[in-house]
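Next up: the structures, one after another.
Next come two complexes, and both contain chain A; in the first it sits with chain B, in the second with chain C.
And now, the complex of A and B:
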């Protein structure tokens, strides 16, 4: 089985597991947790396409999460769009927004890129806050998001909404996976590791970065749409810097060097949040301690650590085989001499 | 005593949730729907962390005062009331999720939404879908219940409403303005929806009652702004006769402390709707004297024995002073208790909503000793609205004048028509 087909098989298996959850009669709270996690998971996974694969540390990624949420919510509240049309519109809007922001930002490196993305995010956030008649200002999109039926699918039904979110989530993850394992993905790593070398090899570095930036924004927008459907509203803090910070935490918690690391980080962060909030209001303190332990103790995300250990073990095994072969060869040689 | 945030329950849920997760073969939150137990569980999404944590603390205090008393007297038909409080950290999406979890995970049959406004709108959408009884006890944003598009049959509000305060306050301000010749006004309010709409409505009704009033300067400091020097200077430079401010909480405390350095309150008349609350009084270094303060909560308003007893009991049991949010939640709790008594403990959302609609309860927080849940738009009316003059020491407010409700009802109708709500 080729890598692509193997990945698609994994995606199918993942979708199957997600779809089995309601069949097993899981309580609504578990479905809610998964839907919430899928929305934030897409935000973190898409951000890792920039941070982990391209070396572009964006502090403003939540802007696209919010743009997807607001574009979708406003389109649905206008009553002029079906859900698929509003979905597509939100992605196109975010892509155009990312194209404009990315065209300005991707030529900058490191801290300059990070802060310019942060500045654009705060600009976008303030537009949401200030344009009260259109966005509802700090109250957000009030009155709920209408969910008219389409193709016989009724997203007002929580189970159907869960299935819809699961499919959208798996499709996005599969696209990201195909992207990072494609020549384009390897070009991103090349740029991350040595931008000058990539340019000397004939890679149009700004164009590749911009493409990555736009794709990543579109996936974040899907996350925003899923959250909008879940909470039946869109709120300014979807696009606040703390949401971008949360996504970076998720990447830190899970690991940036393994494809599903940010997703694991999302699950850890959400679990920590949901458990600690049951016992204490000092959630941030608990999260801070956990992050400190991970950063100072493990110095990498758990998946990164596991991947590294597996790689070390694999290399040790390979070395052992080579040593054995050498020893055998030497023994044979000795015997033969 | 009403138990809060039961630790044992959480642990059981964790174990049950782990079992459910193992079945599903995935990782998930500690969750399982609990069966109907003896206790009536009431979920409270609120803010318990960050700069407005006092909102959650004093809201829960208001609820506990009522529910503890009910539980000590044997509960509702022998069933105790159990509060389950969760921190949303002020994020609307968390408020929505926490509310869903309280209902689906913790088995709460009733929600008392002690969120700030943006969270309240998120909670409203959850209630629209699930249909349990919900009482918004803190959100003052008028549209939550005034806008028919947002109406949810099982959702009510016991919090004061912005438009009521604006009409009552505007009336009072106009009387003072006429008496003292205050024509030129400056405003200084937080730059977000509440600050802008509250200020616009207050000034609109002040002008309605006194046509000579004009606004000559507007300042819009950012929410949670640490330094107000520029704003204070701007207000002083306007040389206005009076200033209106809708600043609140920590922002108001910071503003007063910095304005005192410039003697702002000696140079003009000042009207501050959120000043006379213990949350502010106790935090300000030098509480200003002679500022016109809106009625939030004060032990002398109304100056009755019942109010003083309620205050003393609150401080004794909760170990902190009550705020405006405390009385709003006290009323929410009382309405829930009365409704449960009438349904014989049945927690069905529709049945509870039917009995709460139009319900009048006796309370010292109402004009003439009662408040009513207006059936027309599921919002509380006849609570005490008014203004008084601030004092730098106990009781911190004097000459409190209660606004009559008749003009408020009349002008509210016109306001609703203007907004397209009626």
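And now, the complex of A and C:
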């Protein structure tokens, strides 16, 4: 229970920090950076629920990011829904989509899973591109997303939008945190480490995987919704395979074994992007080279490496303490005999 | 949805001939790529997500060789060899480093290679699409079968792809090289213990798989426009083909490629918006009823 309170305190502190930024008159560029970071951060964090905690390497996660964005955007443009209703609708739509894709994919082995999720994502992307009359094709959802007031909140106002997004973001992160520290989260790790053992212990492995897949998709959808609200549109590249690749890369950059690792990775990647864009138009080239260096050189994410070092050091220290205690005990033992 | 058009087409031999040949060329391109994917997977147990990039490089290389030499046959051969060599380098310096690691690392290496090669193509050949045009060797009057018009190049393409596929099958099934490769696929350390340098065979298999993608690129160059990123959509289709045909099965890849090719060509008349959907439906059905694919050995998860 103490852990839960501590997590809530962290969530509150995180929200406070996010909310203080606009108060202190941060330049719009920084606020924009944070907003993008929150949307893509949810994508990466939710993907890590699959990759890091469940061992499900999905290469098609951006599909749910895009489905959230498009479902929300289309619902708002139809003019029949309030923002909360459209929000819920987009999540439900994504959950159904994830249920269908997941039901086909979760029983497959690792490699099949990776490229079938990729294939379904490309199907979804092609539908977005092809169904021009409904989705606007490669132009995306144009003409802006209307943001009628609800409950006295006016999302057309930049500051209120920022606060709304921050709250949604923190709530999602808190949910993810609750999930990974719950028995369900430990079941996921058990499945990741030893699927057969989990099955023998009576865990319904496909069902747990499917549940995790759907939850993760819903969180990614929230990320998509935040991005749609922020850029006031939805574009096919939200669901392109490179977005999934970037999300995987964010996890690598941050580290999959640290809870907030993907978030750190998101920040690093966005910074990296912003910096390279100012020097060269060949961001992909730079990104590719950085990935190769990280994967072949470090073989894991930098944060994972640091976490591992700290853990090793702590264990070494604990070992030293134990050795000292043993030596002391032996000494007294000898003295006694 | 325009099933009437499909029925009208099936009613005339000329339309059937046209759609059949266009379906076959789509299928044969897919077959060359998918057989490379499936060969590499069957032996090395890795999925080469960068296989589409090799196809793209093959097409661009063929374009350049054709500009230089003016001979399509030389440039096609050159492109296949060049991409094969590139594949060996890719395997030796990048992929072989992550064989032991999890899928995530392999995925990331391939992702990096796709990003780098797409950008390099833009730098070297420019971002606008190129087209090779019909090579001089094939500027012949079209052939006619049952009222349908078939360009001679299409015939060449289909025959060449089939010949390459047959050759590949013979090499894998009938030669000493093939025996060793198949043994290494089942138990690499054992083959290595028998005094065979397995790593060389791994590199060779990767090179052959890459050369197949390069050949596919060269065959596609006269009939497709060359754009950076052209490899990715065909990669997805070749995955669908390998899933339907069965991972590791070259015969399966052949049959599944023809199924997908014909679905594409006839589907583009009858249900243009749903062609992708139908392809996925076929794949989903195969996965549900025969998860190892039509010709795949049942594999343990």
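Here is the rule we go by: the second predicted complex is superposed on the first by the 336 of 337 C-alpha atoms of A that agree within 3 Å, B and C clash if a C-alpha of one lies under 4 Å from a C-alpha of the other, contacts with A are read in each partner's own complex, and residues count from 1 in each chain.
Following the convention adopted for this analysis, contacts are C-beta pairs under 8 Å (C-beta built on N, C-alpha and C of every residue); 3 or more make two chains touch, one makes a residue touch a chain.
Since we're looking at a predicted model, the values are computed, not measured.
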Simultaneous placement of chain C and chain B on chain A, clash or fit: clash
Touched partner set for A:282, first chain B, second chain C, both or neither: both
First (chain B), second (chain C), both or neither touched by A:109: second
Partner chain in contact with A:258 - chain B first, chain C second, else both or neither: neither
Touched partner set for A:270, first chain B, second chain C, both or neither: first
Contacts of A:34 with chain B and chain C, given as first, second, both or neither: first
Which of chain B and chain C A:215 touches, first, second, both or neither: neither
Contacts of A:198 with chain B and chain C, given as first, second, both or neither: neither
Superposed model, chain B segment overlapping chain C, candidates 77-85, 221-229, 329-337 or 365-373: 221-229
Chain B/chain C common contact set on chain A: 282, 284
Contact set on chain C toward chain A in their complex: 41, 47, 49, 94, 97-98, 101-105, 107-109, 111-116, 118-120, 122-123, 232-233, 236, 239-240, 243, 247, 273, 276-277, 280, 283-284, 287-288, 291, 299, 301
Parts of chain A lying in touch with chain B, wherever the complex brings them together: 17-18, 20-21, 24, 26-30, 32-34, 36, 129, 132, 136-140, 142-144, 156, 158, 227, 230-233, 235, 237-238, 267, 270-271, 274-275, 277-279, 281-284
Chain C-touching residues of chain A, taken from the complex the two chains share: 51, 57, 59, 104, 107-112, 114-116, 118-120, 122-123, 126-127, 130-131, 241-242, 245, 248-249, 252, 282, 284-285, 287-289, 291-292, 295-296, 299
Touch list for chain B against partner chain A, complex: 5, 7, 10, 13-14, 17, 20-21, 23-33, 48-49, 53, 56, 86-87, 89, 91-93, 96-98, 100-101, 104-105, 117-118, 121-122, 125-126, 128-129, 141, 143, 147, 149-150, 192-194, 196, 223
